[in-house]
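By written order: A, B, C and D. Residues from 1 in each chain.
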Amino acid sequence: MPEIIRPEKLRATGKLTGKARPLGLSDDDFEQRRPLRGQITKREVRAVSLYSLGLRQDSIVWDIGAGTGSVSVEAALIAHRGRVFAVEKDLDNIGLLERNVERLGKDNIEIVAAEAPAALDSLPDPDSVFIGGSGGNLPDILGLVGQRLKPGGRVVANLAVLERSHEAYHQMQQLGFQTELVMVNAARGKELRDGTVRLESLNPVFVVSGVRPGDPPGDSGE
Amino acid sequence: MPEIIRPEKLRATGKLTGKARPLGLSDDDFEQRRPLRGQITKREVRAVSLYSLGLRQDSIVWDIGAGTGSVSVEAALIAHRGRVFAVEKDLDNIGLLERNVERLGKDNIEIVAAEAPAALDSLPDPDSVFIGGSGGNLPDILGLVGQRLKPGGRVVANLAVLERSHEAYHQMQQLGFQTELVMVNAARGKELRDGTVRLESLNPVFVVSGVRPGDPPGDSGE
Amino acid sequence: MPEIIRPEKLRATGKLTGKARPLGLSDDDFEQRRPLRGQITKREVRAVSLYSLGLRQDSIVWDIGAGTGSVSVEAALIAHRGRVFAVEKDLDNIGLLERNVERLGKDNIEIVAAEAPAALDSLPDPDSVFIGGSGGNLPDILGLVGQRLKPGGRVVANLAVLERSHEAYHQMQQLGFQTELVMVNAARGKELRDGTVRLESLNPVFVVSGVRPGDPPGDSGE
Amino acid sequence: MPEIIRPEKLRATGKLTGKARPLGLSDDDFEQRRPLRGQITKREVRAVSLYSLGLRQDSIVWDIGAGTGSVSVEAALIAHRGRVFAVEKDLDNIGLLERNVERLGKDNIEIVAAEAPAALDSLPDPDSVFIGGSGGNLPDILGLVGQRLKPGGRVVANLAVLERSHEAYHQMQQLGFQTELVMVNAARGKELRDGTVRLESLNPVFVVSGVRPGDPPGDSGE
């Protein structure tokens, strides 16, 4: 059974006392891995992915391959009465994930230090699943998502590799999900010394998302 | 003084009773103008823009050039304890805006049927301002935003025109804002009859955003 | 055996007498199919594809799926002492291809009204092969190219479909070719009434190209 | 008067004896500046720019800001009976330019080691002008091009900076040129260790081009 780091270990720092921080962090707000810096879900792609997750205030969210935790801490802000599970198999990475969650997150995030899909067995069924990268076993993870995702729930995968992108697309379709693929190809303005602006491209990312048919389990509103 | 359509006129329909709808609507969820269909802020650009607005649960939001209301109804979901003002000068468009807000929005949205910047005088100072298009008087609008935006607040403009994009960028800088420009260049997968997928590009949109320096007015947390 | 329309049938019109036309036609210079207008290899993609073909003045070129002939007439200008074979299976399209070749081409273009790969048996071995679209039998065509392409020769395929793009990439690799994939994602400026410019995207196209190892058959220079 | 390095100094090396090299060099074929490596006109943008130059076999070409010479050596292959002037002000760069021209070029290239627009006075009127970068005096250079470009001739500028791109566009229009702007936004496939392919973006480049109205000076064909 995976170690789950319970929220009581994650005390929000001063930044989170008083007025809640706004949604919309920049990439530099996160502590990132070295020398693998740059593997964070980029702000623009994070925005599209978060938006595609179909979050509600009380959503149960799985963030698989949580990495720096950039998706978890933002999802936790929108799903502020729900629960976010940040699943990360790379134990060298857990300290960084913990620090980002402590500094930028909320107490509705739990870190699961184990490998998906096995790590997911002990978690409650999700309303929204984010898959930050294939990690080699995307088919198995999507297979489990096919069993566990609630009706009306959504899964979003970020993929850089062409082959993985349409494999994920076709697997989501075979699961009966309403499936979409978007390539996000952003470029950021960089100001030169004379004040003019040129564009620096981010690498294209394929955001593949699926919605499980059906109505979400009823409740009494927010 | 502009007509403000108060929330009591905007009764949520059945869709909003029971479980709240999730964040993340598709473009087809909105009633759109004909024959100007296509002028809606596209889903991918809406995601980046919403994320850049720095929304909190209690934010005061101005959505200037609200159009179909696609940004207002989503901002209102994140800022569910705040207030969203959907400002639209095109009176032919107000009916459509009202219908989208009624069907997809929340009761924290107020429609302001008047032209910016004059329309903005009677509104409370904003935490977040979205400008959906230049409409010819972007400099005046940004000038007013420079006076009214709260410390720590953010303004986000969506621009298609090259010249307007860096004009907005430079004006935000002159206002002392921490300014960024991002070109969002997405393409959507389109499935062919044989099940394979090709990409259809959306037009590039420049998302120019600025943050007013300073700490947001303190409060007692969320 | 396919009908080959010999150059003697293709008399250059007045435009081609006197000073030769320059390289670099716009899409509107070509007569295009209706209602399938838009299926022409777009100018920007045509440029990248032509450049990737490794043309010399005396190249033998196969243009497979020649369509409007936009690649053939430009390749023929660069390979002005070589031969260009415009292969097109769609007989309804041949008239249009003929007219474009007559008006914009040179007398070193021959139209082959038949389906590849069978149509290619009677043609001389190529230095450069352009494949304008998969047409369903890309693997067979690439297989034949693997047998017939001269050492040092190049093959370039334009593909819109994700799955076909990396299939072509991997097949070229298996043929022992030095293989590259480029996604071309251009946007064209469109001038508005007030003289400002916004961008209209073309759809992304994957340009997959391979070079057969080895030195081209020696000759005594150009 | 600028030093013009005459072709007799530029003896083609062994590579150019025997069969002429094909059009379509890769970026790695050129010796590049260190540590400024990366400032070469990228292959995909070079392709679009060359194609937009409207080259004929006998064209007079100015390559302003020739840099590594990547455009000059390819233009010289298409305009093999014309003359190409590679104009470069940065004297530290001339050695590199000379070596690339010697190794990859033809004897119809002349290097002009001086700054534009002054450097252009002694050159014959051009059919095609390429401007590889603004270098601060783009308006002056375009002004001179307005006086010297032959009827039917074309000018192509590569620009990274937003402000410069539409300035160039509008200046070409004011010169009475038929003007176009294209943003080229390519991404290259990069093969991972497992053989799959992901995309790495190049930075967007604006290719702004203008055609001077009128027929080119008549001649008796090629």
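The definition used in the following text is that a residue touches a chain if its C-beta (ideal position, glycine included) is under 8 Å from a C-beta of that chain, and two chains touch if they have at least 3 such contacts.
Everything numeric in this text was worked out from a predicted model, so none of it was measured.
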Labels of chains that are neighbours to subunit A and to subunit C: B, D
Winner on C-beta contact pairs when B-D is weighed against A-B: A-B
Fraction-based call for subunit D against subunit A, same above half, different below: same
Distance from the mean Cα position of subunit B to that of subunit A, given in whole angstrom: 24
Gap in Å, rounded to a whole number, between the CA centres of subunit D and subunit B: 43
Per-residue overlap in subunit C, given as positions that touch at least 2 other chains: 162-163, 166, 183, 185, 187, 189, 196-197, 199, 204
Chain contact graph, described as a line, ring, star, complete graph or other shape: complete
Footprint of subunit B on subunit A - complex, ascending: 17-24, 43-44, 46-48, 50-57, 59, 74, 78, 80, 127, 152, 154, 166, 169-170, 180-189, 195-197, 199, 216, 218-222
Residue numbers on subunit C that touch subunit B, as the complex places them: 160-164, 185, 187, 189, 192, 196-204
Subunit C to subunit A touching residues, read off their complex: 162-163, 165-166, 183, 185, 204
